[in-house]
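Next come the structures, one after another.
Shared between the two complexes below is chain A, which pairs with chain B and chain C, respectively.
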Partner chain A sequence: MAVASRPSPIAWLLAPALLLFVLFFVLPFGVMAMMSFYSGNPVTNPNAFLTTRHYERFVFDTAGIYHDALWSTLRIGLITTIVSLLIGYPLAHWMARMQSRLGHALVLMAVIAPMLTGIVVRTFAWMTILQDKGVINTLLIDWGIVSKPLPLMYNEFGTVVALVHIYVPFMVLTLTGVIGRIDERLEQAARSLGAGRLRAFVEVTLPLSLPGILAGSLLVFALSISAYVTPSLMGGTDVLTLPMLIAQQVGTSFNPNFAGALGVVLLLVSLAIVVAYNRILARLSGEQGLA
Partner chain B sequence: MISRRTVLGTGALAAATLAAPSILHAQTKTLKITTWGGKWGDIMKATVLPAFEKEFKCTVSADQAFPYVPKLQASPKNDPLYDVLHTNSNEQWNCFTEGLVMDKITPKEAPNVADVYPWAASDKIVGVAIFTSAIGLGFRTDKGLTKPTSWKDLADPKLAGARGSYIIPVNSLGQCHLMMLGKIYGKGLQDLDAAYKALEQLKPIKLVDFTGQMEKMLLSGEVSMGVIHDSGVYRYDGQNQPVDFASPSEGVMALEQVLNVTPGSKVKELAFAYVDYMLRPDTQKLLAEGVWYSPANKKVKLDAKYDEKLLTTEAKVATLIQPDWKWYNARKEDIDARVTKILKG
Partner chain C sequence: MSAPLPTIRNKQPFDAGRATYLTLNGLLLAFLLAPIAIVLVFALNPTPYISFPPVGVSLRWFEKFFRTPEFTNALFLSLWVAGCVLVLSIVIGGACALALARGNLPGRSFLTAFFMSPLMLPAILTGLALFQSYLLAGIGRPVWGLIMAHTLVAVPYVIRTTLAVLHNFDRRIEEAAAVLGASPTRVFFEVTLPLIRPGVFAGGVFAFIVSFDQFPVSLFLVVPKGETLPVVLFNYMKFDLDGAIAAASMVSILLALSVVLVLERLIGLRAYVKL
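This part shows the complex of A and B:
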């Protein structure tokens, strides 16, 4: 009887992951959430008191920038996810169906190679390409195609371009695994029954790859809405996202309590979107919950 | 034959030998400071800090990972993360308001404070300033521009889209520029309405969040004229770069490098000794010539090439305008929201 109540060896193997989750997510998030309900740091300031003023500040938005920043964050996240999916899916499909091992390895290396360079470096590289005196604008002006620089940077366009470049590998790697596990004979069967290439893809391969689409999209969306460096460097005055506001509050306004409230708001809104997205995809694929 | 006593004796000796450095280290005081990276950090780590450690028989633990203030905020006041905080003046005022740093450092605590220019220990400074740069206008010399003489030159319509400043909520040079706009176009540094109106007129303008990025924008020609501190331009002296610095006639804003001691420091005497050491003429000369900062100590004699350009005389330091950061910080949230809306779009 006593043996039956002992945790299984598998449970013990899960312990490190669980500990990691508690230490590096639950605990920091708990502290952040707690701080967001205090007027100051209760550990160092005995006069700190409980308050909802940081949330009121966001909700009523008398400054007129917080709601815009939230919308901007979500918009950039959604556009980046959609573009990454559009670029990543065909590439992942091609990789998954590739017969040559060498070819697969080479493409995989090409996909992973950008990840070997830091985000700051990659963003600076995009700056040298997209800025007014950058490679593209200089060439276009020199060739007489345009008379003044195109607005390729210091806006949402430049931000999304750089983010897509950074996050496409995450989409590709996630999708490749899922598409690779889809039995090719299913597609062949559909075609033998008279479906064209496109119809076989739309009605067989695409629905079966929905779990990969969901996982890849959630990964890219989560990374995009929490991106700080790239929107800061590429966005100029046009882009203000919640992570930028959070960094401002911590690093230059020295108000970690309001930053905590902004962090909680971002997490809650993101979770709501993720749940809704999961349900929509589940309904589309006829399954009850994909993730 | 080796006896048990011999083995034990040898083992004890070996253990004592191995433990000696850590015992010594435990007895050596450690001074925790913040300091900048880049060329400044190189000089500090290669020369200044080792010499200080040797003279004061201590170790210095230097944090170069900005931002420092949130980390100090998160540490207990009676056992602060830093003994000496090195930041710009605006951040020192934030810390002072929260009781994280001292009010003033006097000659009693650091004798070399007696030799500083008045700006370095003025009522606009908490702690003591050890250097300053002059915030003015950097410009390209290869774009047919005449050397700017006024802050108003930045508003020249020819510079639309080719002028640069900073993201005001995150950069004190941008904040200084905003206050300067109030002075130039309104009643004074605190005339925010005039400053906002003038800021609107500067659009389109390229904004960056740190001075290093402005240097790159000037060097690459991405901006033809931008707000920058003199050090950010002079450091390219002798590299044949087509950039120069101009001090507008209305005055230059001060970007002070300030040291302050935390009230809860356990090694306060050593902390004051460090402040004093940083104000010594030889330390000041080394760093001033290394990174083109104007020294706070009046007794410093710089080489001619530095002396010509930096603020090293009473007449030159008189052109420095020191902002009231206590006033600015109290309004920062409102100012941040207002300028963000003005500059967006």
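This part shows the complex of A and C:
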């Protein structure tokens, strides 16, 4: 490939996207960061002054809820990621190794169809399944397995179940790409040398798919820590996450400045994940280029 | 299939291990699909509250959905916004992908990552940041502001699908056209554009869905009485769980499914395995 020379005239086609991203992405995030250091709206309120009090409020946490919210956001994200990995890996492996094109297309469709269904709709589906008069509790009571409904919803359990359902397709798609690129003959070689199917998988395929596991996990983690709909509908009063806190500050407390500070905290966590994710993807495509 | 496979594949022997593997995957597929099937059941079940097992089949919830102005207004607003987002993101995203793939730009991989970043950063923060900017600018919460916000999170999908097509096609086709005397403009309009069209359209379909189902970006940017369908459904669900929500869900799901079929026809779904 030729060494990159001057940009060609086609490069001008970047302009509209650049304009969109500067005006509606870079600038607004700058505004959010700025607002987080102001006491009020600096445009309409001439008495608004620069302050770090929103961050102090978060750091010293005299109300005793902000640290808990951050911790439960990260915990829910982590559990969702682990469960998504456990559920997504077998599906991705199956899909990557499937020999029939039709079967592959069908499974892929089954994985993508939920992705194309809105989060509000999917959360509603889980509410109808997990609530006290929902599908599971009705069946369990009818069959005489339990006498009163199990607490499947309005807690962290229900939140995680619905979040896993919403984000597992991202895990499957990331993993399928990586597993599909692993040469199947490596596993066959291990097996012809006497390894059992499980051992060949654990010692050959699994280590080779580690970059995919990392990339998929970071993606699901980034998505689930920013979830708002699902924890607020499925969590009841048990769950309070950072995005819920942000929405509260905007909607009911009308304190956009403190919301901005909470936003910056969430943004910093996400940025760290995005950087790691991009590093792994860059390494993955580098390996692909060598192959 | 009669075509010979490129690698020698051993036929998998069917034993207990294989049976467990297949059963497990069947269960996981059921986990993915059952909730959608259950929504259909509740959309057709005539009882006033969500209850299981269903007692019959009726269209009363669909009727309620289409007769409630709150829902239909929101549906029309969502369709209008998604339509605008579709057009804007095809133009902006398609052009951007061309520039990235053919523009000889310095820092290409950085730029690509930058244009993908709205997908990785919390969407609720994009909504919050835009809400604060509109607040500072004193423009209120206009519909065009919502459309631009949706376009921002939809453009990455168009860029991704278009780049995928651009990577896959042979540059020598363009070179051949140029060697045969076509001007760069003619090569662009008669060779490049027709070749990337499926990728751009597929991305546009994604963009439509992303906007139509969008919640976190919309949350802070809609005004009372001017809410999009997902926001109306969310507010309704906080107090009421009846079949109308299921019917509304079905309307969205049917829209999504028809879109999947269109996608499959356009370029085949395999292209999306490569995220």
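Quick note on the criterion: the second predicted complex is superposed on the first by the 243 of 291 C-alpha atoms of A that agree within 3 Å, B and C clash if a C-alpha of one lies under 4 Å from a C-alpha of the other, contacts with A are read in each partner's own complex, and residues count from 1 in each chain.
Assume a residue touches a chain if its C-beta (ideal position, glycine included) is under 8 Å from a C-beta of that chain, and two chains touch if they have at least 3 such contacts.
All values derive from a computational prediction rather than experimental measurement.
Enquirer: Residues of chain A touched: more by chain B or chain C?
Expert: Partner with more touched residues of chain A: C.
Enquirer: Using the touch definition from the top, say if A:Tyr154 reaches chain B (first), chain C (second), both or neither.
Expert: The answer is first: A:Tyr154 touches chain B but not chain C.
Enquirer: After lining up the shared chain so the two structures overlap, which partner does A:Lys133 touch, if you call chain B first and chain C second: first, second, both or neither?
Expert: In the superposed model, A:Lys133 contacts both chain B and chain C.
Enquirer: So, does A:Ile87 touch the first partner chain B, the second partner chain C, both, or neither?
Expert: The second partner, chain C, only.
Enquirer: Identify the partner contact of A:Ser39: answer first if only chain B is touched, second if only chain C is, both if each is, neither if none is.
Expert: Once the two structures are laid over each other on A, A:Ser39 reaches no partner at all.
Enquirer: Now for A:Phe254: first (chain B), second (chain C), both, or neither, which partner does it touch?
Expert: Only chain B is touched by A:Phe254; chain C is not.
Enquirer: With the two structures laid over each other on chain A, which partner does A:Thr237 touch: chain B (first), chain C (second), both, or neither?
Expert: In the superposition, A:Thr237 contacts chain B only.
Enquirer: Can A:Thr174 be said to touch chain B (first), chain C (second), both, or neither?
Expert: Touch partner of A:Thr174: chain C, not chain B.
Enquirer: Is A:Gly64 contacted by the first partner chain B, the second partner chain C, both or neither?
Expert: first
Enquirer: Taking the contacts chain A makes with chain B in one complex and with chain C in the other, which residues are shared?
Expert: On chain A, the overlap between the chain B and chain C contacts is residues 41, 43-44, 128, 131, 133, 233, 247, 250, 256.
Enquirer: What residues on chain A touch chain B, complex-wise?
Expert: Going through chain A, the ones touching chain B are 41, 43-44, 63-65, 68, 128, 131-133, 149, 154, 232-233, 236-238, 240, 247-248, 250-256.
Enquirer: List the residues on chain A that touch chain C in their complex, please.
Expert: 4-14, 16-17, 20-21, 23-25, 27-29, 31-32, 35, 41-44, 87, 90-91, 94, 99-101, 104-105, 107-114, 116-129, 131, 133-135, 138-139, 165, 168-170, 173-174, 176-177, 180, 184-185, 188, 197-198, 219, 222, 225-226, 228-229, 233, 243, 246-247, 250, 256, 259-260, 263, 266-267, 270-271, 273-274, 277-278, 282
Enquirer: Help me check something: in the complex, which residues belonging to chain B touch chain A?
Expert: 67, 69-70, 73-77, 94, 98, 161-162, 167, 169-171, 205-207, 209, 213, 220-222, 332-334, 336-337, 340-341, 343-345
Enquirer: Residues of chain C touching chain A in their complex?
Expert: Interface residues on the chain C side: 1, 5, 7, 9-10, 17, 21, 24-25, 28-29, 31-36, 38-39, 42, 49-53, 91-93, 95-96, 98-100, 102-106, 108-109, 111, 113-115, 117-118, 120-126, 128-133, 135-136, 138, 148-149, 151-152, 155, 159, 184, 188, 209, 212-216, 219-220, 230, 233-234, 237-238, 241, 245-246, 248-249, 252-253, 256-257, 259-260, 264, 269-270, 272-275.
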